[in-house]
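Shared between the two complexes below is chain A, which has chain B as its partner in the first and chain C in the second.
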Partner chain A sequence: MKAKASVYITNQGITVNNKPFFSDIVFVDNELPFNKIYKQLDLNYPKYHKMDNLSKLGFLGVELLKREIDLSQYGEDRIAQIFQNSYSSLDTDIVHQKSINDKKMPSPAVFVYTLPNIVMGEIAIRNKLYGENLFTLVDKFSPQNWLELSNVQLALGKADAIMGGWIDIFENNFNLRLFLLDNSREGGLFEVK
Partner chain B sequence: MERKVIYIGAEDILSSLGKTAAESYQNALTGVSGLKKHPIENFFTNKPLGIIENFRLLEDFTKVESMCIESARNSLSQVYDACFLDKWLIIISTTKGDIGYLEQNEIDKAKPTYLAQRVKGNLPLNSEVMVVSNACISGLLAIITAHDYIATGKYQHALVIGVDTVSKFTTSGFESFYALSEDPSSPFDKNRTGLSLGEAASCVVLSSKSNLFKEVPMVFVGGASSNDANHISGPSRTGEGLVRAINLALKSANVEQSQIDFISAHGTGTKYNDDMESIAFTRCNLQNTPVNSLKGYFGHTLGAAGVLELSISMQSMRNNMMLKTLGCVSPGTSEDINVLLNNKKAKLKTVLKTASGFGGCNAAVILKNNPN
Partner chain C sequence: MNLKEELKKQLIEQLNLVEINPSDIEDDAPLFGDGLGLDSIDALELIVLLDTYYNIKIDKPEQGKEIFHSVNSMADFIEKNRA
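Let's look at the complex of A and B:
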């Protein structure tokens, strides 16, 4: 099964529907490019600045995806979000843990992001998506496993489209592979990999 | 396509109230709470917690791993072992897994997938393992996912293991939100002041074969999740996501509101959560249906909560007895709902279980008593 649209944001750069995107953004080691992408997208969404890096990554991915596909063609509760990763929310967990180790009062603004599914909440809020949510953890991205989970939801009629894929970040390593699949007969053009 | 009947049974609970589902249920029935205060240096807080005390670890395993393995073995002892050779799926539901490893900066071991491999390697099943980590709806979502996989024929049976322990990581986080109650939490009470945390491992088995189970199983008839699309930490003022999850679950179960005999709610004991649930139940026309929360017995067991609370509901169905909401004296929520203040005998044919969590997620599951 192929996706209608795909977005990759990795340490190597960005591709949208398999074409390089924002190639003038230089990805530097030890520096996350998210705020540069946000700026280039010319968005005005103050909530973005409060997000942790996992949520920023997913949020930006969906903003890029929307350049290729109109989400409003699906009902507000007919897009299911299914994401996977390996590091769960450990990228933010270590920030919370540090305040415990340092005997400081932890910050609730950090603690709320110590769950991997929060990124789906941020995407739901931004795009008014009331559909199903599922966050699973696996050692590495298995397109087959993700497609299987997606097909189960489509087959049971729980959604008309699935938005999600792989979203992982730990310190300076990040990897988003975002796809949109739907139950239309013609299918998509972009391989899930 | 004729719909497959999916059974659920073999429930087990390892909690502050007991070592089995029956023991935890019996203690709850007599009004015992597992919540009590502990020295502040142990868990960062001196607020009441539901801790499993004097727990004997399996050799070379952490507490989280040992709890999972022990509960899973208890659950599997309730199914016929000839089926162990069939196609199984193990789903672990957890919010934080073995987060204690983070104190020593052991990142790879703090990953819940590491926990999953450790647990799987010590169970007698020929199976794949996956982890669902979706805040406080993880347990119900893991059970729904297990159902959906079996319904589409990918697996024959699934073992769902819900687990979370009380750690400084979570207690300090909830303290930073001022969410922990000074006294054991009192869900739906007009004077409620917050939640109490607890720890547990709890298991259920789902299968397309009813003869897998030694005791008569229940039937999983419907389940769904929905997002509020409103706020990442605050419950929706309108209960939107929970209303949608309940309505979708009813629809998939082909059940009318009026057929629901009893609701096992999320009921954390925070002001906003319990108000939200009262609004959602009323919007679903369920305001007169008897409802309880089990958080006053076990505390909020996070990733285990959905599995544990559904397991207690299954015990309630087996015993035709609804448990009171321990800690609730005078109900007081935005909308008046029918909070159980005393244990009550009732023939329970159809039961609704709900959960809501950070990230705006909500889930609902409906079980029926096996007609056979």
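Let's look at the complex of A and C:
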């Protein structure tokens, strides 16, 4: 099964539907490019700045995806989110742990992101999605496994479209592979990999 | 720098209000609701702000609504309670 749209955001750059995107953004080692992408997208969503890096990555991926596909063609409770990663929310957990180690009062705004599935909540709030959602932790991205999980949702009639894939970040290494597939007969053009 | 100007800078830093400048925050404008649009997590961050910068702890949580109404009310509370 192929996806109708795909977005990759990795340390190597951005591709949307297999084409390089925002190639003028320079990806520098040890520096996250998320705020540059946000600025380039010309968004006005103050809550973005309060998100942890995992949520920023997912949020930006969906904003790019929406340039290729209109989510409103599906009912607000008919898009399911299914994501996977290996580092869970460890990137943010460490920030939270450090504040405790430093004997500072831990930040509630950091604490609320110490779960990986929060990114799906942020995406749902931004896009007014009320569908099913699932976040699983696995060693590495298995397109086959992700497609199986997605197909179960579609086959059971729990959703008309699935948005998700692989979203991982740890110590400035990030990897988003975001796909949208649906139950339409014509299918998509982009391989889930 | 006076207390209110200092508070505005701390609010922006503590709450990650990246797109807001200190001059955008009116002294008497509500911080929640129509004002800066802060939410319940921000309210908890304001408690952390008072503790971190002014070593003030809020004994009665029900006072929060009054204390955190605006920059003016926060400044009044700090003036009355800091050592």
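By our rule, the second predicted complex is superposed on the first by the 193 of 193 C-alpha atoms of A that agree within 3 Å, B and C clash if a C-alpha of one lies under 4 Å from a C-alpha of the other, contacts with A are read in each partner's own complex, and residues count from 1 in each chain.
What we mean here is this: a residue touches a chain if its C-beta (ideal position, glycine included) is under 8 Å from a C-beta of that chain, and two chains touch if they have at least 3 such contacts.
What you see is a predicted model, and the numbers here were worked out from it, not measured in a lab.
Shared-chain residue A:Val112: touches chain B and chain C both.
In the superposition on chain A, A:Asp77 makes contact with chain B only, not with chain C. The partner of chain A that touches more of its residues, comparing chain B with chain C, is B. In the superposed model, A:Lys39 makes contact with neither chain B nor chain C.
Looking at the shared chain after the overlay, A:His49 reaches chain C, while chain B stays out of its contact range. In the superposition on chain A, the residues of chain A contacting both chain B and chain C are 105, 107-108, 112. Contacts from chain B toward chain A in the complex involve residues 44, 95-97, 99, 102-103, 107, 110-113, 116, 130-135, 141, 145, 148-149, 151-152, 154, 168-169, 172-177, 224-233, 240-241, 244, 248, 357-361.
Note for the complex: chain C touches chain A at residues 15-20, 37, 41-42, 44-45, 48, 51-52. Only residues 77, 81, 86-88, 90, 93-94, 96-97, 99-101, 105-108, 111-112, 114-118, 120-122, 124-125, 127-139, 145, 148-149, 151-153, 155-156, 158, 170 of chain A touch chain B when the two sit together in their complex. Of all the residues in chain A, the ones that touch chain C in their complex are 44, 46, 49-50, 104-105, 107-109, 112.
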